[in-house]
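Accompanying notes for the structure given below.
Chain IDs A, B, C and D follow the sequence of writing; residue 1 opens each chain.
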């Protein structure tokens, strides 16, 4: 079985605090995986190392079998790792269409074109429109991103990640903070993501986790606590104890 | 050799007192006040007017300059600066440059464009021999006074209730407010003290250099260099940076006159490249 | 054929334009002065000097009304050049004047040449400036004119070795060069030549270096208006205690600043062509009017240059019977001789260079104020660099 | 992924993006007005004073502000050191004119411009690495530091630059051997305006391209820009170097039209003035620097006419009021008015 992503003994410490503790992790192509763990378990730190925002203290990261530990954020993005951010990271002053057009242009190596006006490439504009439509935000594509409702901004987060046509998509709490009324739209989008993309969902919301994830890893205090299928994890009493606590897990 | 060292230290100390108010507003309140030199100029001119027109003693002029600039700072803080805390750094830069222009024209109008100086009291004039080097009494006076000020400031910030409240207000204004700390008042007071120190620095510098209306612009660059080299998060950072710059500048001009002018700028750029947060700050911030 | 017609048209257009100029009853003088910025005090003194002259002599000469237009160039050369062009083209001035610094005069030179308008250099003191345009006239003085007398005086009064400290710009370097040349010709030795940056707030390092070299004398030059800071630090360094004499050109003990320097400068010897204390009826009248017109300001060497500059213009207009043609005016200015408040003045007929009377002066207290009191008249000094 | 069928509006979406890059009527009006100033203030109409020298100076200053707009208004790099490139360009053009000794084509002003652009572009490239990281304040200080060092260099290298007195004996040759610089500043103005337009047109193409969009994205959120694959550092280096080249052209223009180059052109106040001008006019519009330069200098000229010594006071006051009450500079103000007017117009 080929793995799209693999980490070997990944460690990250800040001063004396160990945020990632010897994590060895494998993700097969097309996976639907969830990464869960209590607050402060080091989930976002782990993702930041995968995407290159942080450099690990020790260990290796392999993407499609290639060691990318020393690669830059952009290098990894170009190679096919995309992510959404837990807290929206958008271009507030651009429109959704412009944002996505830019992302696609960069993918197509057209980002440095400085003479042709924006929108001159029909293929890029069409693809961007299609993507926005697919995510259900085509109607606001010309609005200012900063003025969009929160739910639509979350969708744009996903759109920007998808524009790169990634092989691996890291979704960092995609529905966090979204009001109930707009929530379903996001869940729907996540559910319809293409099979070819390996998906890692970092999530608190167990409802969401058990709805999509086929496999789950539990991170506690920076270390991998246990791994397994959704059912196994749901039934694992230790997981209930350390993480899920009183929460009713079965209902997913 | 020792004389040069002393001159450099005295120059550095003076820079420090002139710049420390800016460090306080920048480091603690995250506010770029390029008009800081105008408060120093106010103190300097007050000293000149008091001594030359009304015959007040130099020793009384120093505290007067502090109080005058502090009041001026408090008034401007309350009326103008308070609206700027939430604006971007660029807006703050433009606003304070506008104030510098106004200050320059106002001083020109009332005091004239020529250089003005004071005559130091005879007790501060002359030189003494120290370990075989001849050192100006006034430079010793400057060093001692500025040294005491530094220790005092450090004490106030780290050991007193005001200091801890100020640090709380800076770390998180909202939380501090929630804890019942009057953040607005603390900022106003801090700004006033910073301006007052500038005024004192201005008054002290009239003993070495002379005042003219272009003072705020001429010295702004030096203040900024001190802060960017020393970092603005502590008192000790700018202090050592001032000393380093003062000694490097004086020694550089003495031993290598041809390149003397470059030394402080080169130090600044090198520090900013290697340690963007300043030479004497802890890396964690 | 067609070209000729065009040329003819152009010529008549010029003639038409020239006619009203001749008939005009006002003669305009454009002054380009640094009224703000580092050299602001120079600009104020120059303007005050002009006002004084107008107060004494009125605004009418040879049937013409004199109108003075003052522009602020903030001491920046590219702005001066633009202002000169505007004064010539828009305001149709007949004479330009002022120029706070050498580079400014240099920038204006081509305009004066192109427009054929006399330009009176009142401040800039580098020798070469006056050669930049055949329409330049200098009424101030040059660096060698100021430094030769003090170099001679030092050599004659027991100074064997000297160190020079000057501002690092053209006049400063001129001063250094001519002092060294003259002083060493007279048998002295210059141990070192120090140059402080023009915008230097702290002279400590340079002064300490000069002191450590233990010369008999320290020669100083900084631009007018900047002597206060320098003298403060000179005093602080206690050269007298080390038996080092401090000598300078008169710019350092500027009349404008002298009083604020305090008693510590008493006895300092300098050379210059003007002191507010100069004992002559012309100067008494000048100082009196100057103080009256200008809010009790004391005139310095800038003020006298502006005053004499106006005098040169008035006398030239009298000579041309009010004709403000640039060529005629410049001819009438060359070779002028007159009694100035600083003593007998002359404009060299061939080099257009001022030949001012030089004096050796000593700072003394008179009627409760500090003055540069002249104790030795050197007489007129020609600039030695013009061939 | 099951893509929804292309919506009918796709063609329109592309057209709307393209439309942003089209020239508007008010832009055409702006440039026509700039040309017409030549006839109004060129001493062709009796009674109206010549102001072409002032206008040429404004053009040069506006071009400098435009170059700052590229790095600040679009890429979000705060700089207090653009004067470094301005002064460098002035010196390059000045030295070229002097060394050319009036021999065509060596001393041709256009060659001087190109040389200034090239030298400053390289200098910008080399120093761009210093502004890649750090906060606003660090960038302000680093750019300022570079400018100060360069000013000191100009001061020290007397053999080349003339030291504190500036370069002497700069005489500009006629442009292409045809048009000589005259006393009225007619050649100077048309020349400056033409150069300004070329630089402006280039900048305009750039900000409306994908490259320009990526700059706005970097300014908006560098973290996200990296995550979608924008080579942030490369883009910043490119625009910084380009802006440096344009600033160099601006400096060269001033040196050629005033036939002087001095350390003053690198001095702090030059950078500060240009920054003020840009923010005064409105950053991020391209026209902000140009309009700001006109208003700033005209204001200085008008205020200077009735208060020779104290114009700085009024200038300072305007700045203070601007920061306190106006967002986006003069253009932002106009835009606000326009939006309000059109909105009330739309209301039934």
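Operating definition for what follows: a contact is a pair of C-beta atoms (placed from the backbone, for glycine too) under 8 Å apart; a residue touches a chain by one contact, two chains touch by 3 or more.
Bear in mind that the values here come from a model prediction, so they are computed numbers and not experimental data.
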Connectivity without chain D (remaining chains kept where they are): A | B, C
item	value
Pair of chains whose C-beta contact count is the highest in the structure	A-D
From chain A, the most remote chain by mean C-alpha position	C
Whole-Å separation of chain centres (CA-atom averages), chain A against chain D	42
Distance between the centres, which are taken as Cα means, of chain C and chain A, whole angstrom	75
Centroid spacing, where centroids are CA-atom means, of chain A and chain B in whole angstrom	49
Distance from chain D to chain B - Cα centre to Cα centre, in angstrom	34
Per-residue overlap in chain B, given as positions that touch at least 2 other chains	104, 108, 113, 261
Touching two or more other chains - residues of chain D	155, 309, 311-312
Touching two or more other chains - residues of chain C	36, 40, 44, 197
All touching chain pairs, where touch follows the definition stated at the start	A-D, B-C, B-D, C-D
Interfacial residue positions of chain C with respect to chain B in the complex	36-38, 40-41, 43-44, 194-197, 199, 201-202, 204-206, 208-209, 225-229, 232-233, 235-238, 241, 256-257, 260-264
Contacting residues of chain C [partner chain D, same complex]	35-36, 40, 44, 70-72, 76-79, 81-82, 85-86, 88-91, 101-103, 106-107, 110-111, 114-115, 126, 168-170, 173, 197-198
Sites on chain B touched by chain C in the complex	3-4, 7, 11, 52, 104, 108, 112-119, 125-127, 134, 136, 138-139, 207-210, 212-214, 218-219, 222, 249-254, 257, 260-261
Chain D - residues contacting chain C, complex	43, 49-51, 53-54, 56-57, 155, 162-166, 168, 171, 183-185, 254-255, 258-260, 262, 264-265, 304, 308-309, 311-312
Interfacial residue positions of chain D with respect to chain A in the complex	1-4, 6-7, 9-10, 13-18, 20-21, 205-206, 208-214, 216-217, 220-221, 223-232, 234-235, 238
